[in-house]
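Got some structures for you, see below.
Here chain A shows up in two complexes: once beside chain B, once beside chain C.
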Partner chain A sequence: MPIDQQKALLFGAAAAVRLLLFTAFPSLPNLLTGRVEISTPVTSFKRLQEGVFLYTHNVSPYDGGVFHQAPLLLPLFSLLPNPAYYPFATNLLYTIVDLLGANALMHIAESGQSATPRLFKSSRKELRWSSIAIGAGFLFNPFTITTCIARPTSALTNLFILLAMAKASQGAGSTFVLALSVASYLAMHPILLFPPLLVLCYDVRATKSKSAPNPLAFTAFHVLSLVVALGGLLYLSALLTGSWEFLGATYGVRLLLPDLTPNVGLWWYFFTEMFDSFREFFLGVFWLHVVSYVPGLTIRLRKQPLFVAVTLTGIFAVFTPYPSIADGTLYLSLVPLFRHLFPLMRYTFLASSTILYASFIGPAFYYLWIYAGSGNANFFYAITLVWSLGLSVIVGDSLYAALRDELDVERPELRGKEVKRI
Partner chain B sequence: MRSHCLDNSFQPSPRGCNAAMLSFLSLLFFNLLITFTAAGQDYYERLLLRPLPQSALLASFNFRSNESSASFDQQNFRYFPRSLGQILQHARTKELHLRFSLGRWDAESWGQRPWDGAREGGTGVELWAWLEAQSEEEAFSRWLTLTNALSGLFCASLNFIDATKTIRPVMSFQPEGDHHNSSNLHLLHGTLPHEVVCTENLTPFLKLLPCKGKAGVSSLLDGHKLFDASWQTMSIDVRPVCGKDGADCVLEMEQSVDMVLDIDRSRRPRDNPIPRPLPIEEIACDTSKHYNAEDTCYPLHKSAEPGWNLTEIFGRPLKGACPLTDGDGEGANTVCINTPPERIIQANTTGQYLETWIASDTVRCYKLPTGSDFDLNLPEQEMTTGLILATPPLFAARSINGHGQERGSIQAIIRNPSATDAVEFVYLESLPWFMKPYLHTLRARVDTTSTNPIQETYYRPAVDRARGTHLELRMLIPASSTLTLTYDFEKAILRYTEYPPDANRGFDVAPAVLKLLSSQSSLGDNKGVYLRTTSLLLPLPTPDFSMPYNVIILTSTVMALGFGNIFNLLVRRFVGAEEVMALGAGGLRGVVAARVAAMRTRLLGR
Partner chain C sequence: MSLISALLALRRDPRILKVPPYLSALCILVGVVWLLVLPLNEYSRNTYVSENALLPGQVHTYFTGSEHNIFRAYRHEVAALADSPVHERTQRLGDIFRSSNLKVATQKYEYHSSGRNISNQNVYAILHGPRADATEAIVLIAAWRNMAGEVNHSGVALVLTLARYFKRWSLWSKDIIFLISGDSTSGPQAWVDAYHDSHSPESIEPLSIKSGALQGAVAVDYPAGPWGHRYDKLHVVYDGVNGQLPNLDLFNTAVSIASGQMGIGCTLQRMWKHDDSYQERLQTMLRGMISQGLGHASGPHSSFIPYHVDAITLQTVGDGWHDEMSLGRTVESLFRSLNNLLEHLHQSFFFYLLMQANRFVSIGTYLPSAMLVAVNFSITSIALWVQSGRGASVPNPASTTPNTASDSKPKASTPDMTLARTATGAATLIPTASLAITERHLFLPLAFILTSHFLGLLPLYIFNKTPEPYLRLAFDTTTVVTTLLPLATALLFSKFRRPTSQETILMQCFSLLLLGMFLSALATLNFSLSFLVGIFASPLTFVRCISPPPPNSTSVPGLVMRNRKAISGAVVGLLVLLNPLVVIRAATFYWGKDVVDVLVQAAEGWHVWGLWTQVVIWLVWWPAWFAGSVVVAGGLFS
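After this line comes the complex of A and B, so read on.
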């Protein structure tokens, strides 16, 4: 079967599954929207609806504690018919968002930047999955499907992160910056992907053109265009809402964590239980911790920038303030790009069973705490620890595999032998 | 007309119907009397007793003292309490309303509320005031001054009325006084639904009275009985009242206590307060029941009005008149009782008293003797007539729906009993910030029509830890219809230090206030007609309070595992395992070996 036909079939099947779930179970979207594992205070669709309602009734949605999402989403969703009565347009939008995301993911896979970037050729580069398989892995991942049905705005963030990665791996500088600035505008933390993706973009540009562009000029140009794009988006938002108070209600909430609604991350319970005098200190430490991975990984894995970006999405899924399974599913869908590293990973069984364990026990323990009353908050907290541990095991293990793979190229004589870190 | 009358009389008897109708009309007339008599006097007090169905008794105490604005401004206080006056002057408060309430007014069996609900508060403490200020910030800082000062004066937690519990109502409250002398008035409103009103609030309340509970009707107020009532509300209202031309202004302070006592419960002796079954010989048995025997009995419903007297009900005697009340005229009749004319009432006193029958004989008023105790004795009596209770203009009930500690929905059911008149009203909600309503889920339905009853909405959303939700809805409910208002809300999880010690009890949500717009107050003044629902108990999800250290340690461990693992990989080099052996330098063993070697050379070298 030709590749286009396969792709059409895949997309058709994925769209059919989603639209079927939307129509066959009309109460499913609202049920999933209410799940804390999927909807966080900064991405929830119900809060978005409230924001749109207030916006269309001329009440500032940012002068309140419910709506913490980007202002440009408001006119977008106010154009759609009310999802309480006519949900089809919204459902279609989210289905299309998923398909576009899968399309971007397949472009990344086709670019071959995962196994054979400019400065490094993996010794196992022939070991790879087709882009169709990777796209199917994204589209038919149950986490992706539940995220799509629950309609959080993190689906949009994921799309723009994938687009930024795809454009960077094609060397399209301006569209990469634009996509990344939209993703950062929506969720703030994707801006940390800029350094590795810039390196990736530079590498691809250097491969394509005869002479490598001047690194300094290249960096300066792209930083400047990122600032311009982000500034433009923020200025447009300020024009739209009439004031700059949305900054505090969106990015301020992500930075300072006033809303402690449970989620799958590590922050909410930590800051619920934190002593008041240390709250600011630990907020600073936690953010510094997230940021610290960016320079470390980018410098050490200079030769594999796409791997750095993917690993960072995994770190975001664990260590950002409001993660959800949407962030986890983005990482888990990007990992198959590195099929050539799988033979070198040591804890795949442990990690995958931990993830499975957490995804089944998590909702049960949440039920025991909130509804049955037979458990307390520690039940759900313990499961979020397991989930985070599982994801961080995959992150660490794939990093080990990537470094080991580099070692195999540097010193082919050590291939297959036991190594030590000193 | 006759059938309507029967439906509403609580002791239906065909013979008493006309008389009962009469007494209802006269009740309104009597209320008017109460309102207008006080205008010229400096101090006025009155106790109105009214028996209610199911052996309940409504006692309405009302005290009013006037001070001319001129002498108030010169801090020349006569009847107005100095302590409160100075607070009002300091906080630039022009009009003040303070309420301490407990219990629930059972409108289904007790009918219309006393004072049309205008002298009533929601469960706990409710305070609203008009303050003079140049800006909103200044108004709020004066409001904090006022709440802190009142907190000290009334021994209540009023100082906990902070920004999260304060709202600025736009439609629900109108000033009662004449304020054309003041400009830039700001209305602020705060509630403390969790506050338990008790005797420590009554004592300062009584101290504000000129007779301080030593004489006059206030001598009946006893904390043990007042806070044992089925429903009670204490109110303080300060407002300026001016003459027709805007001159001759006086500052009027009105204090009132309304309570519904259960007569049976109040008559229990204080040393034996537990209700015990009567011996079987004293119970009238229904002998028509087939199981009726010497040891089994189905008690007959007592149709007779229970007998009671003031001393027994209030736990202390009425110690004669307060000497500051008028010696003659309307203001001298300080104790009034609203019963059918046939009810036997005996006044017990050693002094001189005067009985007056007014309002078609349904109200008997007594001028109290000075310096000697006074008691009213009502023996047990089989009654043929009863009082008609006025039907309230609206019935309102509010509840939380849903289960679990994550989310829920509020449902308010408002019923208009009138067969002819539509009622327009304002519905005010003041919700705590940790209860996050979704306004897009707000639905209001009327069962008789499909038109939307909501005519106007004012909404100010909550901000976490800074401000509560303020929702005001102007709605119209058609005749004999039921309005159902619902909206969803989400419960926030708080920091563990923000929970009270009894965290699993839940949090109190202030009652909703309904102000009727269409119906004029039967009292004929600008006090308005109000209705309050009961407060709600909102259970929030709780963290485990015992383990902050454990959580900090466990979370930090997971983060350290991630960080340590990744940075361990990033900063170290890979070498072959055999090379390490050959080098002998890597790892802990190499380090230890090198150290030992160095040590040995140093020791041996010496």
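After this line comes the complex of A and C, so read on.
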């Protein structure tokens, strides 16, 4: 079967599954929207509805203190018919978002930047999955499907992150910057992907053209265009809402964590327990921790920029203030791009079992805490720790595998030997 | 460092792969023995009331004397209504409540399950507590018919009398709701669903009057006819739907009031005679576990527990000298205790196993047994994963048993060795083949396991939707089909796509991994169900596909290899006995129940009470059994 036909079949099947779930179980979207594992205060579809309601009634959407999402989402969703009565348009939008994301992911896979970037040829580069398989892994991942049904705005963020990666791995500088600025505009933390993706974009550009562009000029141009694009988006938002107060309600909430609704991350419980006098200090420490991975990984793994970007999405899924399984599914869908590292990974079984266990015991413990009343917050927090542990084991193990892969290329005589800590 | 290298060297030891089956067996054994020692004095505890506010039995009860005459009169009123139509009965009961100056409302409800139509009416009255602000309420229930289907004459009359009697007191600091439900299971369910606005409005009427948050519920089951019947003991029923239990404090309060204040003996789990011996305690505990594991509604109180309203049923049993007034005084005292509550019952345990009215074990003591049973599957699955990554088995170079074939040509069979050095400089020779990790082919095993889990939806749908007359046929057909299905699947596999031995191992690995995961998650929600399913599924850990030796093998086949088809056949036969449907049939036969009744109850549970037991059976237990059977049956056709 030719590749286009396969792709059409895959997309058709994925869209059919989603639309079927939407129509066969009309109460499912609302049930999933209420789950804390999927919807966080900054991505929830219910809160978006509240914002749209206030916006269409000419009240500032941030007045109620419920809505914390980007203002440009409001005109988009107010154009759609009310999802309480005519949910089809919204469902279709989210299905298309997933398909576009899968399309971008397949472009990344086809670019071959995962195994054979400019400066590094993996010794196992022939070991790879077809782009169709990787797209199917994203579209039929149960986490992706649940995310799509629950309709959080993190689905849109994921799409733009994937688009930015795809454009960067094709060397399309301006579209990459545009996609990344939209992703950062929606969720703030994707801006941290800029350094590795810029390196990736530079590498691809250097491969494609005869002479490598001037790194300084390249960087300056792209940083400038990122500033312009982001500034444009923010200015448009300010025009739309009539003031700059949206900055505090959206990015301020993401930065300062005033809403301690439980989620699958590590922050909420920690900041619930903390004395207020330590709050600012630990907010600084936690954010510094997240940010510190960016320069370290980008410099150490200079030769594999796409791997750095993918690993960072995994780190965001664990260490940002409001993560959900939508962030986890983005990382888990990107990992199969690095099929050539799998033989070097040592804890795949452990990590996947941990994630599997956590995703079943998590809802059970949440039920015990909230509904049955026979458990407490510690139950749920313990299981979110396990979930984060599973993700960080994959992050750590794949990092080890990537470094080992570099070592195998640099020192072929060490291949297959046991590593030792000195 | 040397310890780490020693451990790393141990990781390579082929003997390590021989340990897991024994470890799994040990886990199961310890899990079962753990449960068996629980009734001993050393492991169980005496019950105690944790919540200080309850003060059970500290008040004087005044429900005596002239109230008795009123009770007798009401009992005759109730007896006169026994054969009247539903709306007339509701009307009359409402009138009696109204004559006590209470607000009265009724509720119609209708459910459909197994082609049957369950419709009836609830009637209830609300007493506004003189010192209450209508934010909290406690419920007194009497179902018109009890679980056995008898008319609850004296129970309903007692609730009517107590309503009249409670109305005269000024000390209530919570509202009291008196509920006469149409039947024992769906009536309370319809009422409590509607109270929390989670009913389906097309078939269930909403409640026209309501009070505050429910703090507790007590049901009375006293089916003595118009001329009364003196009883011997109170049977305290406490199991909720899906195996959820009420707070142990409520149970303790009831027991301490009945036995301490009123002198009425208390019994549980139908253990009419209990001499506090080890055996009786064990039997009580096991009955409790089976009841919890089935997760069915055991009385009018059961529907309240999923809403986090602690509830029990007091049932009169036996022939003795206690009369209706002592039951009334027990309820009065219990309500005075609940009236004292400052906050929702939360102090005591929600997870416990009772082995006598005043002896229990808490979750910390008993949970390890179910967890050990669940862990045994995970251990085997990890071992199978490791095994699937190793290449063909390597003859043990240090083996002293003479290998007849290799003796003739020792050079050819000497395996390729690798020198491994530990940090201390000690060197070991390891066969290279055992160091290599072979690539695992995951697609077929994953697809098979997912398919078999989705296949479980089919019987789930069939049994919940089939009308009652066809249920027996459906059950028998499903039994035959599911028994033959593993053989047919294995045959199809061998015809069209013979799985490699690695894929067979991986199938079993994933199946057991999922089983272990589901059971350990379930153990936190419904310990007993997880334990029972774990025990019935435990043979799946030990069965293996006996694949034929590779064609170029030179060694003489052992006893197992020579008889492998016979052994596979015997194991398949054994597994047929563990088919969930066969187990259900055997259990109904053992307890003398009709399988159709069980299925009707289960379907009612699914449609009315929100019962989840069948989901566990069809989507957890059955797929695991199916996958295990297919793996073993593969040995028959290879």
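The rule is simple: the second predicted complex is superposed on the first by the 420 of 422 C-alpha atoms of A that agree within 3 Å, B and C clash if a C-alpha of one lies under 4 Å from a C-alpha of the other, contacts with A are read in each partner's own complex, and residues count from 1 in each chain.
FYI, a residue touches a chain if its C-beta (ideal position, glycine included) is under 8 Å from a C-beta of that chain, and two chains touch if they have at least 3 such contacts.
Model, not experiment: these values are computed from the prediction.
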{"item": "Partner touching more residues of chain A, whether chain B or chain C", "value": "B"}
{"item": "Partner chain in contact with A:F275 - chain B first, chain C second, else both or neither", "value": "first"}
{"item": "Which of chain B and chain C A:A364 touches, first, second, both or neither", "value": "second"}
{"item": "Partner chain(s) touched by A:S374 [first = chain B, second = chain C, both, neither]", "value": "second"}
{"item": "First, second, both or neither for A:S353, with chain B first and chain C second", "value": "second"}
{"item": "First, second, both or neither for A:P343, with chain B first and chain C second", "value": "second"}
{"item": "Contacts of A:Q170 with chain B and chain C, given as first, second, both or neither", "value": "neither"}
{"item": "Chain B versus chain C as contact partner of A:T261, first or second or both or neither", "value": "first"}
{"item": "Touching both chain B and chain C, residues of chain A", "value": "371, 418, 420"}
{"item": "Interfacial residue positions of chain A with respect to chain B in the complex", "value": "34, 36, 46, 49-50, 52-54, 57, 59, 63-66, 84, 258-262, 266, 268-276, 286, 289, 292-293, 296-297, 300, 315, 318-319, 369-371, 376-378, 381, 385, 388-389, 392, 395-396, 399-400, 403-404, 407, 411, 414, 417-422"}
{"item": "Of chain B, residues touching chain A in the complex", "value": "403-407, 433, 436, 438-440, 457, 459-465, 490, 492-497, 541-544, 547-548, 551-552, 554-555, 558-559, 561-563, 565-578, 580, 586-587"}
{"item": "Chain A residues touching chain C - in the complex, by the definition given at the top", "value": "343, 349, 353, 356-357, 360-361, 364-365, 367-368, 371-375, 418, 420"}
{"item": "For the chain C and chain A complex, residues of the former touching the latter", "value": "8, 244, 306, 308, 344, 346, 350-351, 378, 382, 385, 423, 437, 439, 513-514, 517-518, 520-522, 524-525"}
